[in-house]
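Next come two complexes, and both contain subunit A; in the first it sits with subunit B, in the second with subunit C.
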Partner chain A sequence: MRALSDNAKGKIKLTILRVIVYAILAFLVFLCLFFFYLMIINASRSNAQLATGFEILPKEHFIDNLVNAWNDASINIPRGMLNSLIIALATAVLTTYFSALTAYGIHAYDFKGKKFVFTFIMAIMMIPAQVSALGFVQMMNKFNMNNSYIPLILPGMAAPVVFFYMKQYMESVLPLDIVAAARVDGSGEFRTFNTIVLPLLKPAIAVQMIFSFVSSWNNYFIPALLLDKAEMKTVPIMIAQLRSADYSKFDMGKVYMFILLAILPVMLVYIILSKSIIKGVTAGSVKG
Partner chain B sequence: MATVQLVNIKKVYPHSGETKKRKKADVSEKKTNLQITDEGVVAVQEFNLEIADKEFIVLVGPSGCGKSTTLRMVAGLEEITGGELYIDGNLMNSVAPKDRDIAMVFQNYALYPHMTVYDNMAFALKLRHMPKAEIEKKVMEAAEILDITEYLDRKPKALSGGQRQRVAIGRAIVRAPKVMLMDEPLSNLDAKLRNEMRAEIIKLRKRIDTTFIYVTHDQTEAMTLGDRIVIMRDGFVQQIGTPQEVFNHPANLFVAGFIGMPVMNFFDAELQEEAGKYFVSLGGIRVELSAEKEARLKAKGVKSQSVTLGVRPEHTDVADTGILGRVDVAEMMGSSVHLHITAEGRDVIIIVPTVDLEGSFNMGDSVHFTFNGKVAHVFSKEDDHNLEY
Partner chain C sequence: MERKIRRKDGSLRSVSYAKWGYIFIVPFFLAYLIFTLVPQFLTVYNSFFENYQDGLNQVGPNYVGLDNYKTLFTPDSAGTVRIVKYVANTMIMWFAGAVPQFVIALLLAIFFTSYRLNIKGQGFFKTVIYMPNLIMAAAFSMLFFTLFSRVGPIQALLVKNGWIDASFDFFSHRITVRGMIATMNFLMWFGNTTIVLMAGIMGIDQALFESATLDGANAWQVFFRVTMPLLMPIFVYCLITAMIGGIQMFDVPQVLTKGNGAPDETTRTLVMYLNNYLTNKNYGMAGAISVIIFIVTGALGGVVYKMLVKQYKEPQRQHRRRKGDVL
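What follows is the complex of A and B.
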């Protein structure tokens, strides 16, 4: 009898614990998703409606806002999206590829000064972009490279954080015997990297591509300093421009709609790449 | 299908800052006796070996003896610090692995996990731009030899350890390399599978007929597979010879103890030279060495001295008189009993065949044993070398 009641007590305790845990999780989910919901709601409200304050239900101006934003005379949204897409995609691909290549160099080869190189790359991580921005912008102006994609793509390729992540990942999944096996099989160093190493890094590459894409897509600071031609402007700059439009043209509904449009590619990239974030890609290669 | 020559090969791992510091810290608890010089840690030195075409050479020794390093130097995966390596008469020291025409099987298989078994095996051939039809023919042939045809579409993770090792071997043999290198290919398999694969390697060797260099720490593998065995310790070659040679004529105490299961029994004994005849005496018995051994000792001018005497368990006989010992453990192995006894202050193992054994051995029993002068090995007390050589 006594044992049974103990058992029952334990069950109640467990249930209470579960309720608390789920409540906390539900609250966190709410915190994460509520603002997305709010954005969608606000994208369906007119400027006048938005001025009245908080609303929980969608309104009827969704299509109006979409048409207004898309056809806005002062900003070219399709062009801005295209600019951002080119820059963000190129950055994501190049950053992950070259960071993985650098990490592979440090991981797989023994050379003098390897430790110094590693420390040096790590030290770069400590320097915030703002510190070098002024010099960088001046240099780009001297090179006549403002209003070009290149200064927005190339510097991002040297990404110490991505490099570090890739190196740590390699240490856990890339046995050097596979590299040795490829060498003996007759594969050159670059081919080994591209056909053997890269596929094994797929999950890490997917994660870092998402991060690089998002941070490049959201980047405002450097593009704002470099881009002044209308047809070169990226999405964050255009959003800022829309928000700071003069009073007569100001339409908050349009701004919300643009923000909604701006996050769609990010979500799309996430959905496509998250499929690659699977564990156990190397399972079966070497005896664990 | 090639000869391999290693001339005075040497490998030194240079100090990094870290190892220098570490060196001071734990001199006392080093794993091996590898030489540490100003240049760095010497992993292999004075390695001289001529491997004939189609010979099967086994490098054997305890872990850290430099056998894998030597193999990796032949493969081109480790730089050669000193000496020369020739394959088919061509100097290979600075030739890239891919241009040496060698294949290698790794201890941990090292398969490409994202490729199917077929692609794993075809990878090297594709790199050589072989026509597709020919690649398929070769892969199918190799798969058939290794009995893995039904797994060709699978990824390595869907295979068992034994199957994976077959794929790794398959990947090596499709290329018909000049030299086949194997780095402890069986040590990740369980005992039963290991015995099976060992037999398969012997069969395989007959079929593919190429030069083999095989690394293992298992003396049974070395004895059963090798045409010749190279026994290594602390970066030095201890002895090179056929399995029979190293078993019957160990060059030193280390080889004597390393080759043979169970290990050779060692005693402190006196070697006595009287008018060209040699005797060993210990525990109240005196055994004359065989004429062959006497001739060799005589030729070397060996004098009377204290020696370490080695006699294998299978050559030690229980007798009515002889050296006295006390039984510690009697292990029944079926066809024989392994008798662990203490005699002359040493642990001794005697293999007693069960065929005409009457009664049994109990702990604490006294036994007498003796041995024949043909099977006694005498080693120098000073430097452990076999006094006959």
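What follows is the complex of A and C.
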């Protein structure tokens, strides 16, 4: 009898606990989505409608705002998105390819100083780009490259975090027998890497390409120091420009549309690939 | 037959492939040298020179030794040491975001991994809470500005409900601006931390939880005596990487306050200070600040490095240590 009532008590407790947990989760979901929901709603309202304040349902001016934002004279958002896209795609490809190549160089070969090389890459992993930004900007100015894609793309070849991820991935999926077998079949070392190793790394490459694309697309600090030509500017610089423009004269519907356009590409990728992205978050960090 | 051929080819192993190791790692190091290491030295070098623009006149570069560092720590006419103030701003805003970030992330990680609770729809929840992490910080900040501005919808909603006065301005109070920045940092990072901590908890041997429960431990005891101690390495790792990220806080306050750290520079961060000198081309002072940020992140990064390397060497060692424990 007592055991039963204890059991019932436990069940009630568990139900109450569950209700609390779901309530907390619902609140957090609300917090995460609310501001973006407002953004989409407001991107569908005209400037006059926006002046009336808070609104929970969309209005009919979404396309108008899109056309206005797209054709804006001072903020060339299509050009900005193209610039950002070129830089982010190129960075994603370079970062993943060369990180994998470097990781493979250390994983598959024995050479003098290998330990030191690995230690060195691990040691520089946490140093942020800001602390060398001054010298970087100075150098690029000297080379006359401050309005070029190159200084925003090529540094991606040295990405210690992606390297570390690739190295760990190789340890779990890449048996060196395969490499030896390829050698027996007369495959050159580069060919082995490109045609045999890379395909085996596909999942890791896909995840890291997404992450490097996103961080490059969102990058603001370094590009803002380098790019000053209007036609070279990237999306984050344009968004910041929006903030420093004379705000009162702006069509607010257009402003919301600019913000929407700035985050849209990443959101689309995320909606399609959220599962593998979330899986990739934990990799490359300390394990319990 | 086959075996014979293999053995014959096995002799190929004596051929040294070492040079390929070097060839494969060269691009990485070349890029690192050109785009990071040389600039890093240049940055440090610059910090020992007076080099700025005074109106149209270029002053320097003249070697001044440690003068830039001295200037950095000299109080201004109002008696405040600006860098100390900006470091304090950065720390306060980081802390205000990080405390809820870690508390909520830990809670969610425990909820999601609890068999008893058996939370449904985990995929959906994780997808939603991780989403803000991928949002462009500059755009998120701009969105907050438009939503909370004097003519924005949030202000209108709060005034309509009588919660705030019509004259209230979110951007003229220290607490609200700092609050907005901390909120954005919280929203952008708690999902990420949740997912990492979850992986940590799932990596703990389930038998430990079971035996603790069988021994009569309640939920709190299991948490404090089993989960937390075993989760500690991951938790500390998250905390330190979050701190390193916090030191770099820039995009959000820069865009939100138009770079001026309003009100009254109470939301100006260390990197905003650096950025200000960089855009004004005062390379001496910018260099000195960079070196200080480098030292601080370097020290914190050293801890992360140690943890990663330790984990890396752990697999073989763990066995030995477990055997040792029994003895």
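To be clear about the criterion, the second predicted complex is superposed on the first by the 219 of 288 C-alpha atoms of A that agree within 3 Å, B and C clash if a C-alpha of one lies under 4 Å from a C-alpha of the other, contacts with A are read in each partner's own complex, and residues count from 1 in each chain.
Rule of thumb we're sticking to: a contact is a pair of C-beta atoms (placed from the backbone, for glycine too) under 8 Å apart; a residue touches a chain by one contact, two chains touch by 3 or more.
On a predicted model such as this, the values are computed, not experimentally measured, just so you know.
In the overlay built on the shared chain, the residue A:145 is in contact with neither subunit B nor subunit C. Among subunit B and subunit C, the chain that touches a larger number of residues in subunit A is C. In the superposition on chain A, A:24 makes contact with subunit C only, not with subunit B.
Judged by the touch definition given at the top, the superposed model places A:183 against both subunit B and subunit C. With both structures placed on the common chain, the touch criterion links A:102 to subunit C but leaves subunit B unconnected. When both complexes are overlaid on chain A, the residue A:200 reaches subunit B alone and has no touch with subunit C. In the superposed model, A:134 lies in contact with subunit C only, and not with subunit B.
Within subunit A, the residues touched by subunit B in the first complex and by subunit C in the second are 180, 183-184, 281-282, 285-287. For subunit B in complex with subunit A, the residues that touch the partner chain are 16, 72, 75-77, 96-98, 102-104, 106-114, 123-124, 127-128, 155-159, 161, 164, 171, 175, 181, 188. Across the interface of their complex, subunit C is touched by residues 14, 17-18, 21-22, 24-25, 28-29, 31-33, 35-36, 38-39, 42, 50-55, 98-99, 101-102, 104-106, 108-112, 114, 117, 119, 121-139, 151, 154-158, 163-164, 180, 183-184, 189, 193, 214, 217-218, 220-221, 225, 235-236, 239-240, 242-244, 247, 252, 255-256, 259, 262-263, 266-267, 270, 274-275, 277-278, 281-282, 285-288 of subunit A.
Every residue of subunit C that touches subunit A in the complex is listed here, in rising order: 6, 9, 12-13, 17-25, 27-32, 34-43, 45-46, 104, 107-108, 111, 116-117, 119, 123, 125-132, 134-147, 149, 151, 153-154, 156-157, 160, 187, 190-192, 195-196, 198-201, 203-204, 230-231, 233-234, 237, 241, 244, 247-248, 250-251, 254-256, 258-259, 271, 274-275, 278-279, 283, 286-287, 290-291, 293-294, 297-298, 300-302, 304-305, 307-309, 311. Partner subunit B is touched in their complex by these residues of subunit A: 115, 175, 177-178, 180-188, 191, 196, 199-200, 280-287.
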